[in-house]
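If you scroll down you'll find the structure; I have some questions about it.
To keep things simple, chains are lettered A, B, C, D, E and F as they appear, and every chain counts its residues starting from 1.
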């Protein structure tokens, strides 16, 4: 009896493209076309165990990320990376570090982003420790100059 | 002996403007001028217990947030809000919800931002649960269309 | 001088079964018998550096998890997996992904669990961002239909 | 100029039932009917600023929570509470503490649930500190007795 | 039917001293004597719903915190406060901010502690974002000078 | 086109010592001298992409950690490790597990530290779940005996 724990793509048995039902195949094709890639990544192959959940997730992702909206795609990608770093999801950090670079952020800009995250995780925790009370008057962020 | 736990601005005794030493007063004035406010907020008044730490923090905040850099001030403020929400720092969320609104995000844009955060905290945790392995080939984020 | 950082079972030197004192050996035997395994896993071998802490932990684990109680063992295992995913403890996620499968959850049920976690981490963060105030009247969860 | 920060239901201006568009009104009615309540809670009234996002969220909630599925509604509610506690979302904890009680968990069962959460957040962090390596052989949770 | 959500000490009905069974009364007395207080705090009164869990928790607390051990009680209290700040548990932060002050940390020392927490939450998140690989050779912390 | 994702030291291209500008070289030398090591670790080599951010970070680290202050270097290192464990930063946990050992904590003391972290992450989450209200009177930590 072999122990194949190291070899798996995910904690559930993923649905490979050749084994997919028609419904799943259709979504797989839509994913590949939309994202401009020639394979389906592990996350969606895992979700395909439950085709309805796969569809629900893919539709929500497209509704939220598949258009510029008011923030713009670049800013949304930066927020997606920030959230992934805060969640400590290594898989997602890898994907979004790549994504924001491809979208035009060079290493210096990436480091600037990490710098904002570094600063605010520190300040957040400082204020949580201090149990700082809301100020009597509103103010508008640390940067100033507007 | 009274119990004044509810009345305090923070867990340490804050330094009010009228009680500040010259060094602290100078930083207080710089904060007010730079941020365009007529008071010093509770966080900095708490840090003033240790003037060197107050100065170090204020200088770092200015170096990171006080210029457009490569990301631009608006994007930095959006990242600051995102980080604060992920840290669960109620004080900071309040300040930055106000800050991004003042910088031009209306309620609809703010909700769009929350939507990205909602989506990715969900996807992050899903991949952490799935223990998704890195894909064989790189891809570039969920949004596509570039 | 060799660097064996990669080879260790844990950050402390674990107590192997052959090196254990009588007290530790007795607990090791109890662990193996109770859990139906023929080895002691790395966590308990690390705790054995402090036999009292090993005992305290093992007793608490048994008191909390070693009986059905009111929730039932299956539900407790599902909660244990949920907590491990939320904590981002990769070691524990691996153990409990296996545990709930062995207890009868197939891949589809596991994906359903991840779906609830995905949904609520998203909604939680959304409400933290929104700083939603408590509703005037109580209500009873998002699912309805009871 | 008044400062109404304390009086708001959320960080965005919520859409009251009387001010809702037809689309939003229809979803509001569906929410009230499905959940058996005579009001719309603050979270959905805030999402209604963006009717598409409101609809997307409500549909996902119903798809995940509105049926027994394989886990059963009670277990899903317990997981929803567990996730909310791990996220530290006070609003959601309040709602789901109420929800699981109404679904039949008395105070003793609730305390048993907190006990599992207490145990595993502790063990998780212990293993994260220990940097425990994956065991050579699989095992199946701390409870044993199966 | 009144809604008393705001008035409760906790999410479960706490066991007041006058209503306690003999077993619970004995533990309550031990808590008061050991901690040198003339009342039982809300956490233990909530745990008393399940007397075995109350006892288990109190015994573990005493085993871990009720002696100097190798780290010393002051350092343990500082760690307890640090953990509480990282968990974002407002109740516990309040208790331990008071505890370390009473144990001798003045406001300046407390701010120094927050400074270390501020620094490392920032550096931690920076390295999580950078996905920094383990260095080829070991080194020993950022402070140096040993 | 090769995929070198596995081979990188960090998500940005690190600045090796031989490629450093004079400013960066000077800081690198100061780091090596201060920490008593003959190489620069990956974190600082990544920050060097932005020399000002490298300098800012190194100066803050020295200001906070490079002196005994009121808490003492050993206690600061213990807090740094605790924070890193709570953040789940594997890189930082490795460095600080080594650091506190080198500073004199043996495996038993390290396990005692993990025990405090285990206990309080559990109690924190328990109180977050219980939504425990602040007690009417102050008390001073769980350890007692002072």
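The definition used in the following text is that a contact is a pair of C-beta atoms (placed from the backbone, for glycine too) under 8 Å apart; a residue touches a chain by one contact, two chains touch by 3 or more.
Remember, it's a predicted structure, so these values are computed and weren't measured experimentally.
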item: Chains contacting each of chain A and chain D, listed by label; value: B, C, E, F
item: Fitted rotation between chain B and its twin chain D in degrees, CA, nearest 5; value: 120
item: Duplicate of the A-D contact set - from C-E, C-D or B-E, the pair where over half of the pairs recur; value: C-E
item: Between the pairs E-F and B-C, the one where more C-beta pairs touch; value: E-F
item: Identity of the chain that, by mean CA position, is farthest from chain E; value: A
item: Most distant chain from chain D, judged by the mean position of its C-alpha atoms; value: F
item: Inter-chain centre distance, chain B versus chain F - centres from mean C-alpha coordinates, in Å; value: 21
item: Chain centre separation in whole Å, for chain F relative to chain D (CA means); value: 33
item: Contacts with two or more other chains, residues of chain F listed in rising order; value: 5, 11-12, 46, 53, 57, 60, 86-89, 93-94, 97, 108, 112-113, 115, 117-119, 121, 123-126, 128-131, 134, 137-138
item: Arrangement of touching chains [line / ring / star / complete / other]; value: complete
item: Residues of chain A touching chain C in the complex; value: 5, 11-13, 46-47, 49-50, 53, 57, 87-89
item: List of chain F residues in touch with chain C within their complex; value: 88, 93-94, 97, 107-108, 110-112, 115, 118
item: Partner chain E, residues of chain A touching it in the complex; value: 81, 85-86, 88, 90, 93-94, 97, 113-115, 117-119, 121-126, 128-131
item: Touch list for chain D against partner chain A, complex; value: 3, 5, 52-53, 56, 59-60, 63, 134, 137-138
item: Sites on chain C touched by chain D in the complex; value: 8-12, 34-37, 39, 41-43, 46, 57, 60-61, 64-67, 69-71, 73, 75-80, 82-84, 86-89, 91-92, 94-96, 98-100, 102-103, 105-106, 108-109, 112-113, 115-117, 119-121, 123-146
